[in-house]
Every structure is written in structure tokens, then in C-alpha cells.
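The structures come next, written out as C-alpha cells.
Same chain, two partners: chain A is paired with chain B first, then with chain C.
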Partner chain A sequence: MNIEVINRFDELIDECIETFESLDFPEARAWKSAEPGRALIGCFPVYAPVEIFHAAGALPVGLAGAGNRLEISHADARFQSFVCSIIKSTLELGMVGKLDDFDGLVFHSICDPARNLASVFTRNFPNTRVEYVHFPQRLHSEEAVTYLEREYRRILDWATATTGRSVTDEELRRSIALYNAIRTGIRWLYDFRRAEPHKLSTRELYALVRYGHVAPPEKHLRLLTHAFDELQRREGKPKDRARILLVGSFCEQPPLDLIASIESAGCYVVDDDFLLGRRFFSADVADSRNPLRDLADAYVNHSVDSSVKHDLGHSKAEALVARARAYDADAVVVLTAKFCEPALFDYALYRKAFHEAGMPHVFLEFEEKMWLFDKVKTEIETFVESLLFT
Partner chain B sequence: MAETAYQGRLHLLQKDLMSQYYGELTASAEGSGVPAAYLLIGGNPVELLRALDILPVYPEVNALQLAVKKQSLAHIQAAEGMGYSTDNCAYVKADIGLYFAGRKTPFATIPEPSLLLCNYVGCNVYLHWFDHLAEYTKRPTFHLDIPFIRNASGRPSSDDMAYVLRQLEQLVAVCEEIAGKRLDPQRLRRVVELSSQTGRLWSEIKHLTKSAPAPYDAYFDSVTMMAPLYCLRGTEEGLTFFQTARDEYAQMAADGKGPLEREDFRFVIEGPPPWPYLRVFRDMFARWNAVAVASTYSTVGGLWEFGFAHDPDHPMESIAEHLLTWNLTNRNFLQRYDQIDRYLKEWNADALVIHSVKSCRLFSAGQGDMRDYFTQRGVPTLLVESDLEDPRYFSEAQMRTRIDAFFESLAHRKLTAAAGA
Partner chain C sequence: MTLIAGIDIGSRGTKIALIDRGGKLRGWHIARTKPPFEETVEAALAAALATVGASRGDVGYLITTGFGRSSYPERDTQVTDISAGAFGATAMFPKTRCVIDIGSQSSRAIHVDEIGRVKEFKSNDKCAAGAGGFVERAARYIETTLEEVGELSLAGEDPVTISSVCAVLAESEIINHVSQGRSVEDILRGVHNSLAERAIALLKRVGIEPEVTLVGGMARQRGMVRALSEMLQMPINIPETPEIVNALGAALLAKRRLERVAA
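Let's look at the complex of A and B:
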């Protein structure tokens, strides 16, 4: 995609969508083949320390399943019917050769199926380097920062062994600065949509963020800058829609048409947790003399709430209600992937908090492979109508 | 058909001991003043609690007891009424349902926790479970974060060990406050020594099933021994129980006796049992004279049969080792393949049965790959599905048909092999 030569904003969005919906990772592969010695590292959700891979000379590529564009014909035999779709579609991508150009794959301690998937990849793809990051769950403690710093040192060693390059602290700091700029850009887009949702649809916002999963970060930053300029000039008139906060889709991603149909059912989305890992911190990662510790500190002390983080020292459910209030949301839509235990567990506590706070909500499940959205749209429409009478 | 009267002396002894244990829990719930800490089975650091006279309470054990007594479904449904999904772990739902039903069971009244000790060893549901209990009970929580075994060596790094040891120090301070006294190093040493001896006996017992016939069923009889292993490890009573068990089974092995009249098949079994239908499930194997000679489920709380024992000279280090390395839950999926491989060879088994449970994805997610791995190696492998706690997922007729078909083909295979020999 040539950002600078596309004139129309909607064309830019369409190009982004075409890029990330391709199962061939065209931009990533083009980047890799442009110079010898380049490597691709696939990062399973939710959050990955992408700066480390980037500094090591690899392109971190966000794996986000295969949506409804890949038939699962091999992975179903490996993972049972009660396991979420992204586990199977990611394995299927590997089994049909779509991940052949990847030099490494990284999984994280987000849930039990993802944990076992790392092992299944290790066994079935002996030529791909597979790594697993254990994120600390004893947060807000100095030893957790120290532990994670050392874990990141191990991951850095793995990354440099994968790319065959050594990494200086200066290179790590430059990568952190680059991703800080991207996170700032994404935060700006989210703030913009919250303030003027009629000027930036969630479908568009999603496309702008997700493009960064599959393209070089330098290029993603250019895209965000371009979008920033375009949006400043954009005009639009607010419609009478319900302002909703959407949670539960932080790992497996709903089809884009489903996201669009939520809006067309009469909602403005004022916040969501799609693709949460690329905006995991509430502020910039610090820039000290110890970049790995800075990254560890950002995770332990400055990352946003998520269903895959625990021991927060506060109630996630109460924080969610407070956020909905702060964003002037009329209601919360809980949209979880089928069989996603972290999201489903959180919902039980959210529901209690919503009832106690008098916050309207609706609970919906999706699968990335679904392709009929009428039912969900009708449920949302009914819900929005019900809001008018409360 | 084999005789299926399984209630031996050991089962009755276990029943007595567990009644005493549950009596202590009830007394605590009714104001005995003995503090109770909830913790998880995986790699449980029960020695620290015992050394400070804090009662260990395992919500998993309570949940499975409810299931065995066919009391789980009402609690599961109550939790689902609160917003829990049909796809959430049913252990958690039964426990939460029980909590809001006043913690009263047919076997005990479960005390409110003085501490929620979340020993996070691999199972991510543990984290959710104790987060939820913290929200409902408003009691102090301690997350013991155990780095997962994630390298090829299967060993934790020195950084992982240092991280866990530092946390254990903090945990001791929290437990001391709850117990109202300081941890006596001599007492801890004694508790760890008892634990060490118990672990060695348990290991010895497990190796006895290498005999043919195996003196007991390493799945259905092991579960009898697992409750004392977790609830009573580190106590004199717990040690006595395992001495009795070792003596009884060693004698049976010496006498060439097994749990069934005949042993036609020896199998390894992977996955937790279907607690609501334990007896029915057992009979499905017994009618084929099939005996489990090893089980992965019996290593959730600790893996002792490959050489580990607590070390009284280094109590904290060995508790950390147990949490990090020597339990099934904190080991990666491929380490489980190796574990099963070893059972198949060293325990001389004919086949592998995988019982895939919906509730526990730590166990089950990816077991299709496991089946593929063993089938490729020529191991007859059966994969059946149900649940460990939720009776709605057990289809008796379907399960029986699958098991019958498997053993029929195994019998045919044996016959063919014998004819060709």
C-alpha cells in the first residue's frame, strides 16, 4: 500500500482492510524479501513486547486469526469443539503454509489453550522457532518488574538468535520511541472518535489500527500521521445514536462486518478493546538507561485493564463502570468470542457491577468465522431501542 | 464380567481421615478460631500453611466431592444464573454456587477464607477463580506467581527460582499475620520432613503398578489417595495413611493380586475423571478387565514418581521446586507427552486413553494433537469427551460404545499378535 499516493480517506481504509484481510501477509512478506537477513516474528494476542523483536531486526506481525476467510480442515482434529476459533485458525494458517515465511512465533500466558497451542506449534513446526512469554500475575511489586526485565532479556536473546543480529540499548530505545509514537497516534484516534464519533467510524478506526499488525511500524506511523491530517479536515454531523462502550474482543477478533453492523444498528462506540495489545499502556514507556526494565515497568505498572491480567489491586468491573461513566456511555456491549474463558469469566463480575450501578448492558457472543450478522444486528437494535425507554 | 466391589480397607481409612479433615473445616466455619486458607491443588505449598497451623481448604476438592455426591449441578446452575457461561470451568461454578448457598455441603461446612492463596501454576482459570472469590469474600488475597516451564530443558531458570523464593518470603509474612505467630523453622522442617516421607511413599506406591497385575488401579484408586496427599500432607496422620497404603499394595503386588480378578489390558489414562459418573466410568473399563497402570491426573498436585521429594534441609527451596517443576500443571504440554511416553514404556502399558474434559482446557486443549502424536508412534489411543464436574456432559451410552469398540479392537489386535508370534 502506498499511503502517500492514495487521495481519498475511504480508499485508504479499503486498502488497509484488503491488506490485513489477506491471509498471505503481503506487506510483511514484501518487507522481508526486500533485504536479505530480515525476519518475521508472529505475535499471538493479546500483548507482545514488539519493541524487542523490532530492535532485533525482525518485523513483529500481529496474529489475529483468520476470520471467516479460511476453512478449518486440519486444526479441528487437534483442538476440540469447545476451544475458541482463533486457536484453531492460527494453527490452520500454519498447517496450510501461510506462516511458512515466519522465522519465529511468540505466545503468551493469556489462557490455557494459547499455552498449549505454543507446544502444538513447537511439535508440528520444528523449523519455526517458538517462544513463550510468562507475564507476571503478581503486579505492582518490584520483584515482578525485576522478573519481567529478566524474562525480556531471555526473549531478547531468543530474538537475536532468530535474526542473527545483536542489539544495543540504543536500538531498543529507538524501537520503544517508535512504538510510543504509534501508541500515541492510536490513543489520539481513540480520543478523536470518542469526542466526534460521527467523524470516525469504528470500522475505520479498526482498520487504521489493525493495519499496524501486518505492516512495518515505520509505515504504520506514516499512516496514522496521514489519518490525523485527514481527520482534522473531516466534516460530519452527529446522529442520534446510543453511545456504547464495547468490551470482550481483546483476542479473537469479530468480523469487520459485525463491527460495522453494531454501528449501523444505532450505536456510536466510544471505547472498545479490539486489538488491545497495540495500545496496552496508558502512557508512554519511559526512556531511561535500561530499556528492558522500562518495558517491564510499563507492563507491570502502567498497562490497561484486561481479562488476561490479574491481581490488579482494584476491581476491573468497577473500573469498567467508571470508564463508561467518564466516557458518557449510555450502555455497555459485552461482545465476547465464543469459548473465550477470560472474557466469559470477566462477564460474570461485569454483570454484577452493571446491575449495582444501573448501567444497561447487553451480552453477545461471536465467532471470527461467522458470516451472518442479522441476528446480532437485531439484538443490538432491540437493545438500543430499549435504551430509549429507560 | 469382572467383580466391581472396590471398597477396600484403604478406601474406608481414607473416608475416616477425610471425615476428620472436614470436621476440622466445619469447626473452623463454626468458630473454632483456626484460620483457613483457600489454595489450589496444582503444586500446592501446603507445608507453609501446616507449619503455621492454618487449615488448607481446596475449592477443587470441595467441588469434586460435590460432583461425586451428585450435588454439583444445582450449584453450577446457580452460578450460571449469576452470569457464568456454560463454557466456564464447572469446578469454579460449583464452588461459587456453593459459596452463595452458604458453604454447606453434605460432608462439611466450608469456612470463610482468612486468606485466598492463589498458587498460580500454569492454570489461568486459577487466577480468575480467586479473583472472583476475592471480589465476593473481600478477604485478603496473595497471588503466588509461578513462572511456567517454558524452555526445552524442562527446568526453571535461576531467575524463576529467585522470583518464587522472594514471593514465598512475602507469603510467610502474610501467613504469620493470619496465624498470629511467627514461623518456627524447626516446625517447618518437621512438616517438610513429613511431606518428604509422604512423597517418597507415594512414589513407591506409584511404581508398584509396574507389577503385572497392577495391585491397584492407578486412576480410580489413585484418586482415593490424592485427597489425603493434598489435604493431609505434612501431618503425622497423612504419613501413616501412606505407610498403610504402601504396605497394603506392596503385599498385593507380592501376592500377585490386583483390583480385578483378571488383568487383560493395561492402559495409561490422561485427563481428570468424570466425577459425577466415576463409578459408571470405572465399570466401563472393568468389564474389559482393563486396569489403569498410570495416570497424569494423579500428578496435578505433584509429580513424585520421577525422583522429586521435599528436602527438610532446604524447605523453602524444595517448596519452590515443587511449585515450579514437580507438578503437571506448571509443565508444558510436550512435557506431558514425555510423561505419558515414559508411563507407556516403563509401566508396560498396552494403550492410552485420553479423557478430554470441557471444563479444564489446561488439560484438554490440544489433546487431538496428543492423540496424533501417540497414534503415529503405534500406540492404540482412544479419545473420549465429557466433563469433570458437570453431569450434563456425560453421555453414558456414547461413552460405553466408544470404550467397548476400543477394547474390542485392542483384544483383536492382541489375538492377531499372539497368532502371529
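Let's look at the complex of A and C:
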């Protein structure tokens, strides 16, 4: 995609969508083939320390399943029917050769299926380097940062072995600065949508963020800068809609048409947890003499709440209600992937907190491969009408 | 006179309910839905206005509902059949806690709170076996009219069993019953029992709580009302004009919205 030659904002969004919906990773492959020695590292959601891979000379590519664009056949033989879609579609991508250009794949300790997916890849793809990041579970432990710094050192060694080049602290700091700039840009977009949701739809915002999962970060930053300029000039009139906080889709991603359906059912989304990994920190990662410790500190002390982080020392449910109030949300829509255990465990706690706080909410489930949205749209419309009319 | 028009664009009928700013029903009209929907709505609206001696200029707000709710560009806003049915039923029977809405192509069960707000609902979208269209087709097979079905069913003494959950297969069953010489009355009572079972299955999923109100054209069929009432073992509220409940509910929701916005 040539950002600078596309004049219209909607065309830019369409190009972003076309890029991230392609199962061939066109931007990543083009980047890799431009120079010999470049490597692609696939990062399973939710969060991966992409700065480490970038500094090591690789392009970190977000793996977000295959949506409803890939028939699952091989993966069904390796996972049970009660496992969420993204696990199967990611494995299927590998099985049909869509990940052949990837030099390494990284998974994390977010849930049992993700843990098993790493093992299944290791077994089925002996020529692909597969690594597993063990994030600390007790985040308020004094040792959490030190532990994670050590873990990141191990991951850095793996990354340099994958790309065949060593990494200096200065290179790490430069990568952190680049991703800090991207996170700042994304935060600006989220703030903009919250303040003027009639000028930036969630579908558009999602496209702008997700493009960065499959394109070089330098190019993503240019895209965000371009979008910033475009949005400053955009005009629009606010409509009579319900302001909702949309949570529960932090890992497997709902179909884009489902996101659009939620909006067209009468909602302004004031915040969401789509694609959470690339905006995982509430502030910039620090710039000290120890970049790996800075990254570890950001994860332990400055990352946002999510269903894949536990033992935080505070109630996620109460924090969610407080966030909804702070953002002047009329209600919360909990949109979770079918069979997503972390989301469903949290929902049990959220539901109680919503009830106690008098915060209206609706719970909906989705699957990657769903392609009919009438029923969900009707549920959302009915919910919104209960907010607006009665 | 400033009126609010509730317009229910259903797959079989387009229903208009006109209310005044006090929420009183002033007039209504039912027309057969035909494409283009816009022309059907305009004609039905004109007919409804004529019943109260009003003109198009007297309509201050237009709200649509039903499957064709987005197909009328002149609308001010639209609401789902679920919200409209819940609010309309509660307006007519304030103690309503459950609403069964059996339309031509879909049916739904709605659990409402004391002000008519939807707490939970389930619908049988995309399955004709639980909808009024099934009765219409059954009537056609046994060569009777939809208007006669309710009374014929009421006279059935030994209802046939229709076990298929698919409308196509259920129609084959009806043909078998006809060929076996079963009476029209018993077959139609079996059809109503089958439909009632599906409606109650939906109702169980949202939680059965009295009072139950039946809306939609099927409420006109006394055999259907009996089947539901017997299976639920409780009386069921039947509006005087059940076809216009959703249109009325939509109009009353519009009134509520206008008051909220003004406040």
C-alpha cells in the first residue's frame, strides 16, 4: 500500500482492510523479500514484546487468525470442537502453507489452548522456530520485573539466533522509541474517537490499528500520521446514539462486519479492547540504560487490564465499571469469542459488578467464521433501544 | 392535531397506529405488504389518517418497526419488533411480564420488566416451523382459509401429532394425515399445538412469568390461544387488535423518546 498517493480517507481504510484480510501477508512478504537476511516472526495475541524482535532485525507480524476466509480442515483433527476459532485458524494457516515464510512463531501463557498451540506447532513444523513467553502471573510481586527482564533476555537470545544478528542496547532503545510513537498515535486515535465518535467509526479505527499488525512499524507510523492529518479536517454531525464500552475481544477478533453491525445498530463505541497487544501500555515505555528492564517494567507496572492478566492487586470488574463511568458510557457490551475461557471467567465477575453498579450491559458471543449478523444486530438494537427509549 | 405514526412493516402486513401526544390511539390501518414498501406504507398511512380525518401534515413523527423497518426513508427513526412488541403489550396489559409475538415469518418470546423494557428475548428467526406462515401454508394444503383456521382448530377433538421441527417436513406430515383421512379440525388443532410447543420452548428460555400476552395476527386464531393457554396452564392476554400491537408500541416508544429528548 502506498500511503502517500491515496487521496481519500475511505480508500485508505479500504486498502488497510484489504491488506490485513489477505491470508498471504503481502506487506510482510514484500518487506522480507526486499533485502536478504530479513526475517518474519509471527506473534500470537494478546501481547508480545515486539521491540525485541524488531531490534533483532525481524518484522513482528501479528497473527490474528484467518476470520471467515479459510476453511478449517487440518486443524479440526488436532483440536477439540470446544476450542476457540483463532487457535484452529492460526494452525490451519500453517497447515496450508500461509506461514511458510515465517522464520519464527511466538506464543504466550494466556490460556491453555494457546499453550497447546505452541506445542502443536513445534511438533508439526520442525523447521520453524517456535518460542513461548512465560509472562509473570503475580504482577504485584517484587520479583515480577526482574523475572520478566530475565525472560526477555532469553527471548532476545532466541530472536538473535533466529535472525542471525546481535542486538545492542541502542538498537533496542530505538525500537522502543518507534513503538512508543505508534502507541502514542493509537492513543490519540482512541481519544479522538471518544471525543468525536461521529468523525471516526470503530471500523475505521480498527482498520488503522490492525494494519500495523501486518506491516512494517515505520510504515504504520506514517499511516497514523497521515490519518491524524485527515481526521483533523473531517466534519460530521453527532447522532442520537448510545455510548457503549465494548470489551471481551482482546484475543480472537470479531468479523469486521460484526463490528460495523454494532455501530449501525445505534452505538458509538467509546472504548474497546480489540487488538490490545499493540496498545498494551498506558504510558510510554521508559528510556533508561536497561531497555529490557524498561520493557519488563512497562508490562508489570504500566500495562492495561486484560482477561489474560491475573492477580493484579485490584478488581478488574470495578476498574471496568469505573472506566465506563469515566468515559460517560451508557452501557457495556461484552463481546466474547465462543469458548474463550479467560473472557468468560471475567464475565462472571463483570456481570456481578455491572449489576451492583446499575450499569446496563449485554453479553454476546461471536466466532471468526460467522457471516450472518442479523441476530446479533437485532440483539444490540433491542439493547440500545432499551437505553434510548425507556 | 399532531400525531405520531407507528409503522410496522411486516412480511405479510403493514400496520399503522396513530397516537396523539397524550399517547391515545387515534386510528389504525392494516394493509397487505407489497413491494415497493415505500408505496405500501404511504397508502396505508393515508388510509389510517383518513379514519381520523387527518392529513399527512398532521404527522409530526414517524417511527418504523418490523422486518422492513429500514426500507421507509421518510422515517424519523426505527425500532426492532422486540422493543415495539414489548412496549405495546405492556401498554395494553400493564401486568405483562412475557410477550409471545408470532409473526408470519418469525416468532419470539420476550421477558419484560414492569415498564415494558426488554429484559431478555429469544427468537426463531430463519425457521418457518414456529411462525404464522406455517399455518398459512397448512391452510392452503387442506384447502381452507386463514380466517377459518382458528375456529376449525377449536372444533378438533383428537389432534394429530406433528413431530417435525422443520416446516418442510411438517408439511409432508400434514399431507400424510390428509391421506390417512384425518379430519381437517384435528389436523389444524395439531398444527396449533405444534406452533404452541415451539413458542413455549422459546418462552422457557427467557423465563415464564405471568402475565403472558400474545401479540401478532396469530392471536386472532382462537385455536392457537387455546393451545397456548392449555400448555402454559394459565390464561393469556389477547389484545383487541393484536396485529397493531407492534405499531402501537413503536409509536409509544417514539412518544417516550420525544419526551426524554425534550427534557
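Keep this in mind: the second predicted complex is superposed on the first by the 388 of 390 C-alpha atoms of A that agree within 3 Å, B and C clash if a C-alpha of one lies under 4 Å from a C-alpha of the other, contacts with A are read in each partner's own complex, and residues count from 1 in each chain.
By our rule, a contact is a pair of C-beta atoms (placed from the backbone, for glycine too) under 8 Å apart; a residue touches a chain by one contact, two chains touch by 3 or more.
Since this is a predicted model, take the numbers as computed values, not measurements.
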| query | So, A:378: does it touch chain B (first), chain C (second), both, or neither? | reply | second
| request: Could you tell me if A:79 is touching chain B, chain C, both of them or neither one (first, second, both, neither)? | output: first
| When the two structures are overlaid on chain A, which partner does A:113 contact: first (chain B), second (chain C), both, or neither? | first
| query | So, A:349: does it touch chain B (first), chain C (second), both, or neither? | reply | first
| note | Per residue count on chain A, the busier partner among chain B and chain C is B
| task | State whether A:389 touches chain B only (first), chain C only (second), both chains, or neither. | result | second
| said: Considering only the defined contacts, which chain C positions touch chain A in the complex? | reply: 77, 79-80, 82-83, 87, 115-118, 121, 123, 125, 253-254, 256-257, 260-261
| said: Taking the touch rule as given, give the residues of chain A at its contact with chain B in the complex, in rising order. | reply: 76-80, 82-83, 87, 109-113, 115-120, 122-124, 131-134, 136-138, 143-144, 146-147, 150-151, 154, 308, 310-311, 315, 317, 338-339, 341-342, 344-352, 363
| query | What residues on chain A touch chain C, complex-wise? | reply | 240, 374-375, 378, 381-383, 385-386, 388-390
| field | Residue ranges of chain B in contact with chain A within the complex | value | 79, 82-85, 87-89, 92, 118, 120, 122-125, 127-128, 131-132, 135, 141, 143-145, 147-148, 150, 157, 159-160, 163, 166-167, 332-334, 337, 356, 358, 360-362, 364-369, 372-373, 385
